[in-house]
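Chains here go by letter, A, B, C, D and E, matching the order in which they are written, and residues are numbered from 1 within each.
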Amino acid sequence: SGKPVTQENNQTPEERTLKLRVSDSVPSLDWEQSTSLRAVKVWHQMFEGLYGMDEAKGGYYKELAKDVSLSDDQLEYTITLQDGVKFQNGEDLKASDVVFSYKRAMKNPRFNYVTSMIEDVAEIDDSTVKVTLKTPFSAIDHTFFSIKIVSEKEVLEQGDKFGTIPHKAGTGPYYVTEYNVATNIKLSAFEDYWRGAPAVKKVEYRVISDDAAAIIAFENNELDYLEDAPLTDWEALLSASGDNNSLTKGNDVLFLGVNYLSPTNNNILANDKVRQAIFYAVNKKDMNSAACNGYGVETPYYMPPEYVATSPKDGFETYEYNKDKAKQLLAEAGYPDGVDVGTILTYGANTGDKAKMAQVLQANLADVGITAEVSVMDSAVVLPRLYDQDYDICIYADSNNFDFNNIRQMVHSESVGMYIVKYKDGPFNWKRLEELVDLGVSTSDIEERVGYYTELWSIVMDSATLLPCLSKPVPTVWASDLEIGTPVPSFYKIRTFSWK
Amino acid sequence: MNELILDIDNLSVIYKTDLEIVKAVNGISLKIGKGKTLGLVGETGAGKTTTALSILRLLPENTGKVTSGSIKFEGDDLLDMDEHNMRQIRGGQIAMVFQDPMTSLNPVMTVGDQIAEAIIMHNEGISKEEIEKRVDEKLTMVGILPSRKIDYPHQFSGGMKQRVVIAMALACEPKLLIADEPTTALDVTIQAQVLMMIKELRNRLGTSMLMITHDLGVVAKTCDDVAVMYAGEIVEAGTVYDIFLGENHHPYTEGLFGSIPNLASRTKRLNSIPGLMPDPTNLPEGCVFAPRCKYCMDICTKVHPNTITEGTHSLLCHLFTDKLCGKAGGKNGK
Amino acid sequence: MNNAMKHSEISFKKQSQSKEIWRRFKKSKGAVIGLVMLSIILLILLFADVIVPYSIATKQDLANKLQGPSMTHLFGTDSYGRDVFARIVHGGRTSISIAILATISSCIVGSALGAIAGYFGGKIDSIIMRSLDIFMSVPDILFTMAVVFALGANFTNLLVALTLAYFTNYVRLVRSQVLNLAELDYVEAARAGGSSSARIIASHILPNAMGVIIVNTTLNVSKIILYESTLSFLGLGMPPPAPEWGLMLSEAREFMRTSPHLLFFPAMAIVLTACSVNLIGDGLRDALDPHLKS
Amino acid sequence: MENNKVTPLIETVELKKLFKLNGGARLHAVDGINLKIYPGETVGVVGESGCGKSTLGRTILRLIEPTSGQIYYNGKEITKIKARKLRELRKDIQIIFQDPYSSIDPRKSVIDVIAEYMFIHKVYKNRIDTYNRAAELMDLVGLARRYANSYAHELDGGRRQRIGIARALSLNPKFIVCDEPVSALDVSIQAQILNLLMDLEEELGLTYMFVTHNLSVVKHISTKIMVMYLGKCVEMAPSDELFNNPLHPYTKALLKAIPEPDISKRDEEFTLIKGEVSSPINVKPGCRFAKRCDYCFERCTHEDPDLLEVSSDHFVSCFLLDKN
Amino acid sequence: MYRYIIKRILFLIPTVLGVVLIIYFVMNITPGDPARAMLGSSAPQADIDKLNHELGYDLPFIQKYINYIYNMIVKQDFGISYFTKQSVFAEIWPRYVVTIKLALMGVVLSSIIGIPLGIYAAVKQYSLWDTVPSIFAFLIAAVPSFVLGMILLFIFSLKLNLLPSYGISSFSCYIMPALTISIPPAAMNLRFTKSSMLESIRQDFVRTARAKGAPENIVIWKHALKNAMLPIITNIGLNLGMLIAGAVVAEKLFSIPGIGSLIVDRITYKDEPVIIAGTILIAICFTIVMLLVDVIYAYIDPRIKAKYAKMKG
């Protein structure tokens, strides 16, 4: 960083380094080592998958795949690779690299949720691969997007060191030249990039953990691009960035979960009316105001339909804020004078958005006569408790998938993780729920899938166990002399950036 | 008495703390002749050290204060002197040996350096060799091997430390040496060594001396003149012969002599002075000794006595009128 | 002798010793200011419910969030529209009672260990002191995090964490006091009179070590108040939404630029409290140990 | 004094106390003392600072555990008795400390200090009796009752030392070790305290061991005097005998070194002994005084002289007087 | 003296053993496991268990302890980070250096601010030079250091744009964090120095020096200060020790990649190798600093040197 300088702006675009922030160190240069969005965003500049994601228009597009054909039984994908793609180390992209990358990912339990449906990946010829599925799976696009292609040669050469030192194993527009886990990552443009060399030649990610410091750094021109800036200081950032800002709706959704199995207060949460009363008492606007400084979007959706084509848009209960109805339901449930429902459990920082939501929820509930405590603990403690249904009410977040099939995690008894409400063997139509999940992936027809998912979502909403509350906004600002194209919430591409 | 080196006149000193005002010294007058030794005797808290510190103007800055009087050193009033000249006097003209050798040396400096410092202070531009030479000289003078100058105070015994302190005091051959109970902290045999040494050095260098002590034995051995101090006043003064052999004495002096167990004669009971020294924050009206005095008269508790002088001998007591006659205690010692 | 009278005299005299200390204490302006300040703070906390009901401190009003100080909201409102004044008044209760309790418990644990080490000496002493050396070389924050992660952030667990972080001071302090005092003649005199070790510790050593312990304890209270707020900053402090100064500070952090009053008032509360406690501690030290003052 | 038939009240046999110092060196504080103290006697122990006087006193009281040797009280060995019995013994053997400032707990009122021992031993059933007795003791030592509730720091040294004396007397002891009880006091107060101690000796039939380095004091108060040098007894004799006929070179020098308040001896030179007391650490065999002694000869440097009875009750440890 | 130093250095061995034991114990009671932290919520339990097993995490706590000590001593191997797969040493060392730099700057700053003011306050007791800094010290010592840091950040970075708000890329980056961590100990130093100096100024040998005719500045600097130094040095040593572990707040606030914040962050991931090795380094540093304090002590005070010299084995 050095002195807060402006002289850099006099440098030619060739010399000029684009400076971005990461809020915590990127633990590895191997895209397989984490699913943290913070790291994935950096890796996206280095690696490419068969598919890319277009958040601006919604949906996926072909990236390293030139052609994809699906067999009639919907089990075999034959993928032809783009021509002339080179890895950063100069090797040509070959089918064997794709097979290598997929097999490697399939061994990694971290990616179980996107690879479990794959039976096999095989090389047909140098530029063709065949992916065989176990069962038809129309949400495969996300898999093709998630799994990045690495150079077999480079990875094997680096061996155990891969990920810990700079490498040229990706096909992406940038490769790493310098990697300091603690402080920064420097990238250089890959001049032989198959889409053509990117305009910005040098990139540096700097680790700045503190939000306030990051804002000041941006204001002092120590950063050129700042996303996920704290919303509390959005006004200040707006003035610092001129026109160069965007506040997009993210696809992170903050949820409220109620554990109907909780034994608290004689299984009070097993009472449908009490749960409904809780849902009606939720004032999403207050939550937005507190947790997102009012910039979030109050939402009834599990996933924003704008980004996720398969997401249901209507046709389910949304529990619009209604204090009177809540009170009435509570009275009907037999608690006209209010009732204690236990603890609102959440994780993250005490000042994080989830903790804030929990506090607002507590106040909302208190408004209708429901008392609850708030407990904020470390995620290492809270998440296992949620998965064990060891809580009363929780606030949590789900994000970063662009296919509604992601709901499987939440509702299917065989899913792994995120299974915070146990529908199986419950009083709801859980068999139909699981059936709908399977139906959803059995066809690639979007309309048909939306139909299944709408039914699924309406069962979930009727059960009054899960309530989406807010879509988190993604505030982004960038330097006045930087052109970034259309701002997107997550996967910005530096190759589209250029200096004015 | 011949030429005076020090002439203290009507000196009063107070200590002013947040709580109280201690009248430590109350209008005392002392004279020391050139080459003479004055013994200042008195019990704890009588104001002996205070007097000595006033001479060097080393009273604690925040509390101690001279309220009246003058201290003339070779005719110049020390109390009027500016700080710079006073520094020249300190150590150069008047040196002081403190009561406790254990604490009066800086524990983290070698003794050689500490003696050298005294020399450097008063001899500007003196060469390194010359300093070393003088340090060696001084150490030899007090009977310590010069090779030990590189040692630290903790490596010396009490007696040796006191010798070092004396060497330091005599480093610039001062005209007046103030020795504040120089041997109280020492063992008998060492005390004898140190006393003899002081006496010998004094005779050799012709230094005048103010010897502060509470031990009449020490006075008998070393002093020419004696002043007996009680509660900040000089109650009796004179030559050693006046005090030890004279006929008339202040009752306090008398009591003091009576309190000392005598080696020669074994009496069963000692003639102790009953009671205690008055509280210096609240001195009695009249004679300060009156509350303990066995000859106490009405007048004693009301009127402060005046000094009565006869020749070299002076007293501060109502028992004596203009002349030293009337009721008296008799001879002290033998 | 009239014994009834004598006993009353004794108690009267005992008072007079504390009177003496009080008199010396009063002399220090700083200490008196500190005492007055702390008394006011404590009174406010004591009568918190009278001054402003607790419900105000947690009552949200998001329509009026982040308001500056005004007549309706003396210290303004926070990001939930809660009244900052009410939160400070009620938050102090938690902050200060944690600080005081943690000081007491670390004092008890540390003093006990220190007294054992100092009095018995030898092997026991070396074992305790060497273990302490090792313990001290591990950063406090690690223990704090472990406790808070393992058991959750709440009043009791914070107490445990703070005790772990602060008891080491007392071990050293009390041990050195015991070692010094055990050397003194009056302890030997007690032994010469046939006192048992337990009696000596209880009636001679501890009462005489008390002064130093009290001073240290006072000064510790302020350190703990600060440490507590630091823990909140690191997300290890008291959980929301209960008002607590450290938590308020860490919540105020993101609004540092837009609503600095959120930072100012709890910071002032902490500064004033810690400062007054420090002033008192300093005054006490001078009052209990007249040697220190010339 | 011919006391051969009477059992000594206190007897020490080859009493030794070695302190182990950091690093393993041994400090010979008390190095084989044989001392008999008969009832009614006052034994003065003199010697320079650090020669082991206090250690001897404290060892006899078992405040310090002796390294070797035996101590007898009334003919019974008390060297090894256990805590319970030791506490009983405390009633009979007491100590008055040198420093009246540090030997009194600053947090206790005068009456409580005096009554403490009586509470420990539960001499009286109730507090009132105990306090009454304490008040009587205050009368006895000449401490006005109005000081009963004062704290020691409010009093002067002389009064404090009276508290120490009253405390020592509170259990009606037979034997008191006076560890330099007057050396911290002013001459005029010193005389008061010495008078008091002598009065009490007479009134209560006490036996004292009087530790001091002040020879005029010791002469005044003692019947028998022991002169110590570096942990050893160099000479022991009845008081007058010692002063009139000192035999050991050290004793002689010591007596000569006292500055007497006597103007006739003004010009008499002190007889100086050279050097200073040497270190008591890891001492080698040989007369301890050899290095400073003008009469030192070869034998003195490597052989310990025995304590010989040169005349009746006059013991000296010096080869000059060894008839062999 | 050398013996003493060697003995103290040898004490590092039990210290390290003890510290590792303590950390294992601490990690044992904290919830979570590294595999879950690494693989995320959607990984199946079987895979989690498998990874934990591979890492040796599922061994009993004593076994892990023994293995660790064995690897550390016999193979000089501190393991690799669970989280970054980097060699622990490679990951920790640069951060350790940063923290040491920061702590040293903090100590130097706090000393050059606190000590002279303390001396002045003592020498000019009851004057403005005494009261103003003392009151200021009291006030500032009562401000939580992160608030102080935020204020600095606000003023110097945002308003004045003088200093960078994060990172370690240049010397100027260290200024604010060092100030942040040094102000509270500076206040401590002031108070400590003052009382120590007051004590020392009252000593007899200071009066002796004056009686020699020494001018006031020699009396203060040469005689009084040198003797007052001892407690001050201990305090500085303790400060350094504490800052090494306690710079976490500044590290977080100014995004400084130091060892304290690393340990704090990795506790969530249960990254035991990093936590243990980091703590060992801190403990060693702490021990060495305390030893240094003792050596400086002995250098300044010959009495203490003599004491150490006498001690055997």
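The rule is simple: contacts are C-beta pairs under 8 Å (C-beta built on N, C-alpha and C of every residue); 3 or more make two chains touch, one makes a residue touch a chain.
Values in this document were obtained by computation on a predicted structure and should not be read as measured data.
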Item to check | Required minimum of steps from subunit A to subunit D, each step between chains that touch | outcome: 2
Checklist outcome for this item: Greatest Cα-centre separation from subunit B belongs to chain A
Item to check | Where subunit B and subunit D are represented by their mean Cα positions, the distance between them in whole Å | outcome: 32
Next on the checklist: With centres defined as the mean C-alpha position, give me the subunit B-subunit C separation in Å.
Outcome noted: 51
Item to check | Residue list for subunit A, restricted to those that touch at least two other chains | outcome: 212, 378, 380-381
Checklist entry - Residue numbers in subunit D touching 2 or more other chains? => result none
Checklist entry - For subunit B, what residues touch not just one other chain but two or more? => result 62
Item to check | subunit C-facing residues of subunit D, complex | outcome: 58, 61, 63, 83, 86-88, 90-91, 94-95, 97-99, 102-107, 109, 111-112, 116-117, 120-121, 128, 131-132, 135, 145, 148-151, 164, 167, 171
Checklist entry - Along subunit B, where are the residues that touch subunit D in the complex? => result 43-44, 157-160, 187-193, 195-196, 214-221, 240-241, 244-245, 255-264, 266-274, 276, 332-334
Checklist entry - Which subunit D residues qualify as touching subunit B in the complex? => result 48-49, 156, 158, 186-192, 194-195, 198, 213, 215-217, 219-221, 240, 243, 253-254, 256-266, 269-270, 272-273, 276-277
Item to check | Contact set on subunit B toward subunit E in their complex | outcome: 56, 58, 62, 87-92, 95-96, 98, 100, 103-109, 117-118, 121-122, 152, 154-155, 165, 168-169
Item to check | Residues of subunit E defined as touching subunit C within the complex | outcome: 11, 14-15, 18-19, 22-23, 26-27, 29-32, 125, 134-135, 138-139, 141-147, 150, 154, 158, 184, 191, 195, 198-199, 202, 241, 245-246, 248-249, 252, 260, 263-264, 267-268, 275, 279, 282-283, 286-287
